[in-house]
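In this document, chain identifiers A, B, C, D, E and F correspond to the written order of the chains, with residue numbering beginning at 1 in each.
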């Protein structure tokens, strides 16, 4: 069993804000991340597929195909965008790293034949989140 | 002569847009950086002072004092903010890396007794700008 | 289930030396790390909590609260210190990465409501240790 | 239980090509990695051993002994070499990251008393593979 | 005056070998870099243009145009190639970092209207070369 | 003209303290860097030589010879040491980055035939100092 990972970088703006909360509650909960005009990051996304290596090709899957999928499904959608205003499939979710990575999972997993194993999203070099999918215990 | 540098990191949103240009011209000129809702970066700023080392202290200047100044004059103003909407001293300038670093120079230089020598601003690991001040030839 | 990680950096000195061993045995065992006057590192500590994301906040836990806890319980105690001489809760342990990270776990875990999942301590970019707590099998 | 990791870097050339496939199939499968004269990387290898820390030494194993083993068994064999032409124990395998890391596992595992737990091989900062050995499920 | 830099990464193989020297001389001079089948690197190239920022656009030059030029003139030519066998404009030069960066300068400079100021080529994180062009003193 | 740089990393302890000053003055001046038992860093040293590339070899100088010199004159002396107690040629100087890099310059320059151009010493990723030698204006 191998775990093969591909890294993607994108630059985006976002703001942590839940409209169901009062302004005071939002500020208390999200701190500076709740600033009204938003802030931004150079995000880094590590996408990991897991499986045996094919005996003939020596690969878990075609890494170039993975790269193309990530470009089409993620990079073209979020790079140089505002995650809260510009990305339909993030709409209605507070754009915490947890929620963003889970939405990205939903988008990629159906295209990866059950191989998707883990996604790690870095907001900055100071914090990141790992997600193993809705079925991981 | 020594050049002593201190690094600062901050996360901010911005948008490249000159209201004096048409929308079409802005889009042509700034590309994805002109997206209406903005995008963002984990910026890195390297501030360099230049001078001899004091014979007794062994320092060009007190690095902790430099760090405190940068925190007060830069970090507290721009971290987790939108550079175009939240920062008075960036107002009226297109927030290119060139313009941002020059504005930061104006803000810091008067507090550094002629020692300020160079500022480097990274927008991402893919591009950065160096500025040596308005008097450099 | 999400794993949310926060990174902390600190600079410290230490020396690997077990007073129960002879000088020759210490030198043989710890090599250059046993040099009498010690050496030092820019340590990097990644602290990971694990749990579901709250449906309303979108967070496993408040990342700012985690950052404040790490500052108070770890950074203020070890940054710019000698781990063997200045840190009471490391006293009596050889300051290997394994022992240091385990002592840090003991210090943080009681404050994290069962969420603490993994701690990774880098001594340098060449070696690091992961610890999953005393109950991990 | 601790997981102790040591990092090794080496520079090597390689080409992805399976002589059992047609040229067209090789080109389709491996893309630019199939270029006839090969390409190269600054590889990074993270080798992880897993076990309890010895109560007296505070170490899972002697990190210097691990470093010496990696230098002898890996670095001296692959650094500044062509993986397909110069390394006997890689001969006959397509030099995908999966196959290379598995071959390195076979070479190191017998010398590590059952402690070897995981090997991660980075081809570049954009992709890496993790391997947990032939018995991992 | 601003210095604006753009970073490019590519993976390539090469071998240091001067056919005008004996094999013994090549081996003595270039060491492991002379291995017959070559080795490789993940090269990093920082290209710097220098000039005033345009008062209206706030830019030294259009960074996207620079990126497109570098992709066309450099990346498409050298990425996943063998520098000695696959790149016509490197032919007949020993592929030291000095010679490679000078050849890249010759290729890019005519397209940059006198703005090209410095090129830095990293072979690995352990060594790099800066070049300021044939006219720098 | 080329500037060729080689990077060296070492781990060391040090303490900023001038015995000619009072304890209070030392504490005020050096802050946490004055802690009595010292602290430490993973230092990074970039050594740059400057000159034309030899027409036959394509090199400013033999990079391997530079690496061997740096290992012998610097790394073997300071790695896993306490800069204030273990290094004769640093004795009597406060171990600021400025003083340390200047002492290293004195040690290396006589062996480099006038080619030594710049030395950059990083104490951490947050600060570094550049030195161009005693004759630079």
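Structure notes:
The rule we apply is simple: a contact is a pair of C-beta atoms (placed from the backbone, for glycine too) under 8 Å apart; a residue touches a chain by one contact, two chains touch by 3 or more.
Note that the structure is a prediction, hence the values are computed from the model and not measured.
Chains that count as touching both chain D and chain F, per the definition above, are C, E. Under the contact definition stated at the top, the chains bordering both chain E and chain F are B.
As for how the two copies chain D and chain E face one another, over half of their interface residue numbers coincide. For the copy pair chain B and chain F, the superposing rotation over Cα atoms measures out at 120 degrees to the nearest 5.
The chain pair from B-F, D-E or C-F that repeats the E-F interface, sharing more than half of its contact pairs by residue number, is B-F. Interface comparison, B-E versus C-F: the higher number of contacting C-beta pairs is recorded for C-F. Between the Cα centres of chain A and chain C there is a gap of 28 Å. Computed centre separation for the pair chain B/chain D is 41 angstrom, with centres defined by C-alpha atoms. Contact of a single residue of chain E with at least two other chains is seen at positions 125. In this structure, the chains touch in the following pairs: A-B, A-C, A-D, B-E, B-F, C-D, C-F, D-E, E-F.
Across the complex, chain D is touched by residues 16, 18, 20-21, 29, 31, 93-99, 101-102, 125-132, 136-137 of chain C. Of all residues in chain F, only 9, 11-14, 32-33, 35, 37-42, 79-82, 84-86, 123-125 touch chain C in the complex they form.
For chain B in complex with chain F, the residues that touch the partner chain are 1-7, 48, 53, 56-60, 62-64.
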